[in-house]
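Chain IDs A, B, C and D follow the sequence of writing; residue 1 opens each chain.
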């Protein structure tokens, strides 16, 4: 009765997610096609691809960081969380594709909007994962209190939506919004950190 | 005498399997060739590849989930299990190849049948791995009782076989069967979950 | 005095090796170029590449298995072992290159010999790693006794050398030797397993 | 009051870093394009790429080794360290790109200088990571004492700078400097090793 839902191991969920995120962040570099010429100007066409690589590296880094905090703060894992996590990884796995498309086309309208769509879907998937984790947290959970007011989580999808529309008018505005949201998120998620700190067994190494 | 067969560590088997599955699930995205045009219609030829990517992402996710449950429920690992596991990883590692072939050829008969062959061989390899794990479980093992009636495990290979034949008549029937079987399997394997719950030391994090 | 040499953590050496081996075994599948035609005969040119993929999958699997046993049996890790391990990973990382070269050229003499050279260098590197681990094992180490007579380890390099020479006369003899040695090694290394069993704290999960 | 800064888990930082470094070290081999000819002379154009691969394998191995020591010696991890670590991984992830560029252009001036720039930025990022870790170490930390005089860490950036300039005059001097610095670093970082040894709970496996 005390364990109505089977409790699965967090370790492999973390290991698999770390693996997928590590590969996603690294294979994007394969889109940086090695130039055939040995001149400095051969790097010019690579520059927008490099810029989109920096942006996506930031985003995957942010997701890894926040994912790390969220799962560390979660007390239990079940089958729903497993699939919510795979759903998040699916959208994040498409980041290299839209990164390459946006970068190789010099931040053209359609690819820049497509990039925003993947960011939006990833944000939605992260929100679903949060809900799935909170659904089996006890009512007095510190994580529950901390995530009650999720300003950044609310605002980001709205900004992605605005950027998707802006991409068709002036793609560079969309790009600026993507960088701005990334800059805001680079600050680690103190709420989950605090939730870890609030647990009686919260001392971690 | 109490340990007639050497007991190996589950940790590295899980870590290596997680690594291979994480790479398999992620390199498939490399088959999504970045279009050179920046128009929305440039995504049209990518759509069947994307559809086959979604299907394969589901299957690798299902195998990771079930593998996770199965190995978590296993009490011991030996050399036979190690090789049965590598055999399973071999067939799963061919999924990106048939995914690309099926997607790039718009679900044509032969590639769609080939996709089913790899799914069939993976299912057989998973069944062998289950047998190898059960072979060294104690007679009263909860996992043994749970896996005694394996309806989904029995039905899937039969459906793959039917789909392989159907692919030569109407490939879209085969594709529908692949999606149907994936949908059925997305429900996590409660049997192994229950076996974990039934173990005296079953409390896991 | 009891710790004259700093003892480093086995965990990350295992994790890094697992990561590299998982990637090596998986990126080889990228050499299986997706055919543009949707006919069965389109698989014909892929067949030798697939055959060389099976061979290399076996070898990387064997190395992972034996590496797993060896490091599990080692009591301590130092800087020399770290570099001996990286040296082994270097040669194994070249396996995808020679696998592709041999497979795409239909087991032609030079690529088939080159494949043998990489197998030979990997075997030498594995031997060096064994020496480095034994160098800091205590004199009464079970691993030391088990590895004293290393028949398979002695014979394999001799067979690789013979195969390298044979490749220039009849490459298929070389291929057969590679498969034969792989078959012999597929039997797990019972010596290291026994060494684990012989340790007082040998009970592992 | 005893825990003013939340303490995060070292495990996932290590796992993610190991994953990224394992992929960086392995995808470089994809730049070794499989020759279409089956003759020994077909390996000639591959030789400079292989040489640059050996060099980069050494550097990533050195960074993995030193990172391993540094993080093992660190007592605590916080958000700043997480981002300093991602910043280091960013520069290291660009190594495959400059490795391919330098190797395919036969160590031409501009790509050889670009290679040095990435090495320089990686060294700077490693130094920042060290500072971030030391910032939350206690005043009596053994790691703090050991890293006080960082001769190799000081000298390497200076040598990279010299090599970047030299690349425009005689690229092979730059290449020689890169190999020289790598040779010096191949000696493991005894300082962090000693810091682990000096900790009361320093006994590690």
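By definition in this document, a residue touches a chain if its C-beta (ideal position, glycine included) is under 8 Å from a C-beta of that chain, and two chains touch if they have at least 3 such contacts.
Predicted model only: the values in this text are computed from it and were never measured.
Visitor: Given the touch definition stated above, what is the smallest step count connecting chain B to chain C?
Guide: 1
Visitor: Superimpose the Cα atoms of chain C on the matching ones in chain D and note the rotation angle, 0 to 180, in steps of 5 degrees.
Guide: The best-fit rotation has an angle of 90 degrees.
Visitor: Is the contact between chain A and chain B built from the same residue numbers on each copy (over half shared) or from different ones (under half shared)?
Guide: different
Visitor: By mean C-alpha position, what chain is farthest away from chain C?
Guide: Using the mean of the C-alpha atoms as each chain's centre, the farthest one from chain C is A.
Visitor: Would you mind pulling out the distance in Å between where the CA atoms of chain A average out and where those of chain D do?
Guide: Chain A and chain D have C-alpha centres separated by 26 Å.
Visitor: I'd like to verify one number: the distance from the centre of chain A to the centre of chain C, where each centre is the average of its C-alpha atoms, in whole angstrom.
Guide: The computed centroid separation for chain A versus chain C comes out at 36 Å.
Visitor: Name the residues of chain D that each touch 2 or more other chains.
Guide: 15, 19, 22-23, 27, 30
Visitor: Which residues, counting only chain C, touch chain D once they are in their complex?
Guide: Answer in residue numbers: 3, 6-12, 15-16, 19-20, 22-24, 27, 30-31, 76, 79, 82-83, 86, 89-90, 93-94, 96-97, 100-101, 104-105, 108-111, 114.
Visitor: Spell out the residues on chain B that touch chain A in their complex, using ranges where they run on.
Guide: Per the stated touch rule, the residues are 14-15, 18-19, 21-23, 25-27, 29-30, 32, 34-40, 42-43, 54, 57, 61, 64-65, 68-69, 72, 186-188, 193-194, 196-197, 203-205.
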